[in-house]
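A quick write-up on the structure given underneath.
In order of appearance the chains are A, B and C, and numbering begins at 1 in each one.
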Amino acid sequence: MNEQNQTNEIKRIPPVRIEGPKRQTSGKKAKTPRLLPGFGLTLGVTLTILSIIVILPIGTILGFALQIPPATFWQAISKPVVWHAFATSLTTAFVAAAINLVFGTLLAWILVRYTFPGRRIIDSLIELPFALPTAVAGITLSKLYSETGLLGSALVKLGVSIVYTKIGIIIALVFVGIPFVVRSVEPVLAKLDGSYEEAGAVLGANNFTIFRRIILPEILPAGLAGFALAFARGLGEYGSVIYISGNSAKAQTQVVSYVIMQKLNYVDYEGATAMALVLLVLAFLILLSVNLMQLRQARRLGGR
Amino acid sequence: MGVTSAASSSYVAMTGIYKQYGDYEASKDVNFEITEGRIVALLGPSGSGKTTILRMLAGLEHPDEGDIHIAGQRVNEIVPAKRGIGFVFQNYALFRHMTVFDNIAFGLDVQNEDRGKIEKRVTELLDLVGLANLRDRYPGELSGGQRQRVAFARALAPRPHVLLLDEPFAAIDAKVKHDLRQWLKATIKKSGITSIFVTHDQEEAVELADEIIVTNNGRIEQMGTPEEIYGQPATPFVAGFMGKAKGIMNYEKLVGFDKEEDFDWAIIRLEFVAVYKKDADHGNKSAVEHGVVEAVTFQGTRLSMQIRIGEHTLEAEQPIEANMFTVGEEVDVLIYRLFLCSNTDVHIAKNKALEPGQVFYI
Amino acid sequence: MKQSNWVKNILITLGFIFVILMLVFPLVTVIISSLAQGWGFYLKAITTPYVLSALGLTLVAALVAVVVSGFFGLCAAYCIGKFDFKGKQFLMTLIDVPFSISPVIAGLAFIMVFGRIGWGYGILDTINQWLGTNWRVVFALPGVFLATIFVTLPFVFREVIAIMHTRGREEEEAAVLMGASGLTVFWKVTFPQIKWAFLYGVLLCAARALGEFGAVAALSKARGSTFTLPLEIDALYMSGSATGVTAAFAASSLLVLMSVLLLLLRAYVEHRVGHAGD
């Protein structure tokens, strides 16, 4: 179209209406009553139970922790035992979550993309760490890797010792964290239409390029969300870790939850709450990042 | 246009309705009344307030001001379930875990109707909508058209005064839409129920409705029969919204039209334009414009063209079996008439150069 | 994607190695270790008064947790899934809190509320004086129940809300328009949509409740009365003797049995959830 046209022709009919002065509705507007019944009742029940079980207890910890004078608080946190426990928990949980990110994605991939004998069994086994009580997992792993255990006896001959080391902690955390990554990545991978990859292949990309450029960006947010969940779980893990770790202050194999439990047993509530506060803040930051990642992912996939 | 008080002859009426969501005015002084037994379309672009009107009739929303009457009763304070309305949702909202029979029976069931009566009424409705053989199916096993029929029967089951339908064909395949519309119209007429439906599709409104209410910007622009809405638009908006229309400035430069005061622009509809081969003998040589074909698009049974006449570019259509035109071809263009528009008014202007007695059809 | 077979085989092999090392070996270890001293010892180990009392309490605590978390999950999912209100997102985040908190902190939290230094202790005392009772929370059964409810609270909610979000509320609106009462709407329209997801959530909730250790460990000190099975296993294992360890694994096998049972049920229900979602 040339310029003349644009000035002379109106594609869209202009909105032509002379507006009177804006009407003042008298007083408060009648609020639309909710059509469905039961809002007040269910919200009331939800808030009551949530308050008793979660909000009040956690709020009490926060309140108590914030009343501790800063100097005392710092003293409680900066003790070497405490410091080492945080360092141990953070590093082992991180490494375990990273291992889970790799193997979790791999497992999700073969479960979604391939059919092979034993697929359903693997699929069910993935859920085992969710269902198996942590204390059972703890003593079992400890036994498995001990000098008399199935794997431990073999490893001893190689001169590798796992029980009562940080490696032991990592193995326990890999065990409890693996379902998080698999179950986060699986649905995204299943939704990823094969035509995506075909489009890439038609454009001449090789398998590795297709994976790196097309698939990886799609599943990365879900993978990271799974990573963060496994990481958060690992940070606070207690039952599955304490048997295999040996809980030695000297070897720095005490995890945060163990030290908090110790302090509880010694009735050192200030120390316990101070550590709990730090752990809560860390958990909150991780939870926040998971939510942000899931939000981003939902947007990319066009929302629910 | 609407009347200000709910007369006893009107079956469904809205009077002085205002509705605001935050800063957005969804309804501004909405007035209308509907006679018993008619099918009425609420037609308008999205965001024009038509769905709000339907939801207020159902009681799903409440007006800030104004009165709603259904079957001689003011229903403003009456809960949706007691208003005597049947509602067909856009996606039908069928109960997915219930059979067709149980879906239709639900409304009677919750009123604790006698089992025998329910059985009788549902069977009656299954026959009406022609789904007797599918009574034990689940909604997931039905086609879009069949689901619509179930939703329709379910809404009718408790014998409501009024049937409200929210975009009843939005979820239907384009191919079967036409047949389904004919079926729905016939079935509604058979049951005799007053029906109001929302649509943004003028074809649907024209085909289905006895009367159309055109909404725009929260107001009612016009209410009338499809013929009235189409042939005698009350506002520039209606003139432009119906049919395939285009606004043009400087209409006085076209042969046969003079500039009228306050009427600064004009609306031209597709059917106001005829295109002739340069050498064709059509007996209206004095009334034609000379134009050049700028683009030709083949549209199944019709040929759609863009034709340049001086500063204007017009759209025109020809049946496919008539003459073929090519891009760049010089043609005669006859413009029968225009809607001349001011800010608030619209009226029709005929081509003065046409010989008297010339007959044309729209 | 067309993929060379060896890539596929390598990936599957890696997957198998990981699963066998990390998941199958532990499962086998439990069974071997629990039978290390023969069937006779095994049967004796799982029928000691301590183990039986712990087993009973574990089942009761799981039942309490399932009832409370199930009821909570239904209410919360209904009000969040079917209504729009301010603070909805925040409320959902709060409900998820038990997922991301160390169970030991949950135990600590209840000690801080109901223990000697907690604000709830005085209230409890007043009530006890008034009623002439001697109720305790910390180091008593209510503490065990509270801790178990805490760690299982989000499970049912999570499963049910996912279905509610995909189903919307049109069906309920249609039912209300036809005059159905609140209870009718819930039982005839809402619940049939979510029943499999609800059951699924209940199974997850039960599995978690049976195995909770850290939170309960902080709140329970009396072997034979407030010990759950995981605590009893801990006590047996920590005794250090070979028989103690074997007995710990024998008691563990009970929990493993229940877990595997729940896993099988879960697989079945998951299958049904998948079908209900179409």
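Operating definition for what follows: a contact is a pair of C-beta atoms (placed from the backbone, for glycine too) under 8 Å apart; a residue touches a chain by one contact, two chains touch by 3 or more.
Computed from a prediction, not measured in an experiment: that's the story for all the values here.
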{"item": "Mutual neighbours - chains that touch subunit A and subunit B alike", "value": "C"}
{"item": "Highest C-beta pair count, chain pair", "value": "A-C"}
{"item": "Per-chain Cα centre nearest the global Cα centre, belonging to chain", "value": "A"}
{"item": "Distance between the centres, which are taken as Cα means, of subunit B and subunit A, whole angstrom", "value": "51"}
{"item": "Distance from subunit C to subunit B - Cα centre to Cα centre, in angstrom", "value": "56"}
{"item": "Length of the line joining the C-alpha centres of subunit A and subunit C, rounded to whole Å", "value": "18"}
{"item": "Set of subunit C residues in contact with two or more other chains", "value": "173, 176, 181"}
{"item": "Subunit B: positions in contact with at least two other chains", "value": "60, 80"}
{"item": "Two or more partner chains touched - positions in subunit A", "value": "35"}
{"item": "In the complex with subunit A, residue positions of subunit C that touch it", "value": "1-4, 7-8, 11-12, 14-16, 18-19, 21-30, 32-33, 68, 71-72, 75-76, 78-80, 82-83, 85, 91, 93-113, 117-119, 146, 149-150, 153, 165-166, 169, 172-173, 176, 181-182, 185-186, 204, 207-208, 210-214, 217-218, 229-231, 233-234, 237, 245, 248-249, 252, 255-256, 259-260, 262-264, 266-267"}
{"item": "Touching residues (chain side subunit C, partner subunit B) in the complex", "value": "170-171, 173-181, 184, 188-189, 192-193, 278"}
{"item": "Residue ranges of subunit B touching subunit C (in the complex, touch as defined)", "value": "58, 60, 80-82, 85, 87, 89, 91, 93-98, 106-107, 110-111, 140, 154, 158"}
{"item": "List of subunit A residues in touch with subunit C within their complex", "value": "34-39, 41-43, 45-46, 49-50, 53-58, 60-61, 64, 103, 106-107, 109-110, 114, 116, 118, 122, 124-137, 139-141, 143-144, 149-151, 171, 174-175, 178, 194, 197-198, 201, 207, 210, 229, 232-233, 235-239, 243, 256-257, 260-261, 264, 269, 272-273, 276, 279-280, 283-284, 286-287, 291, 304"}
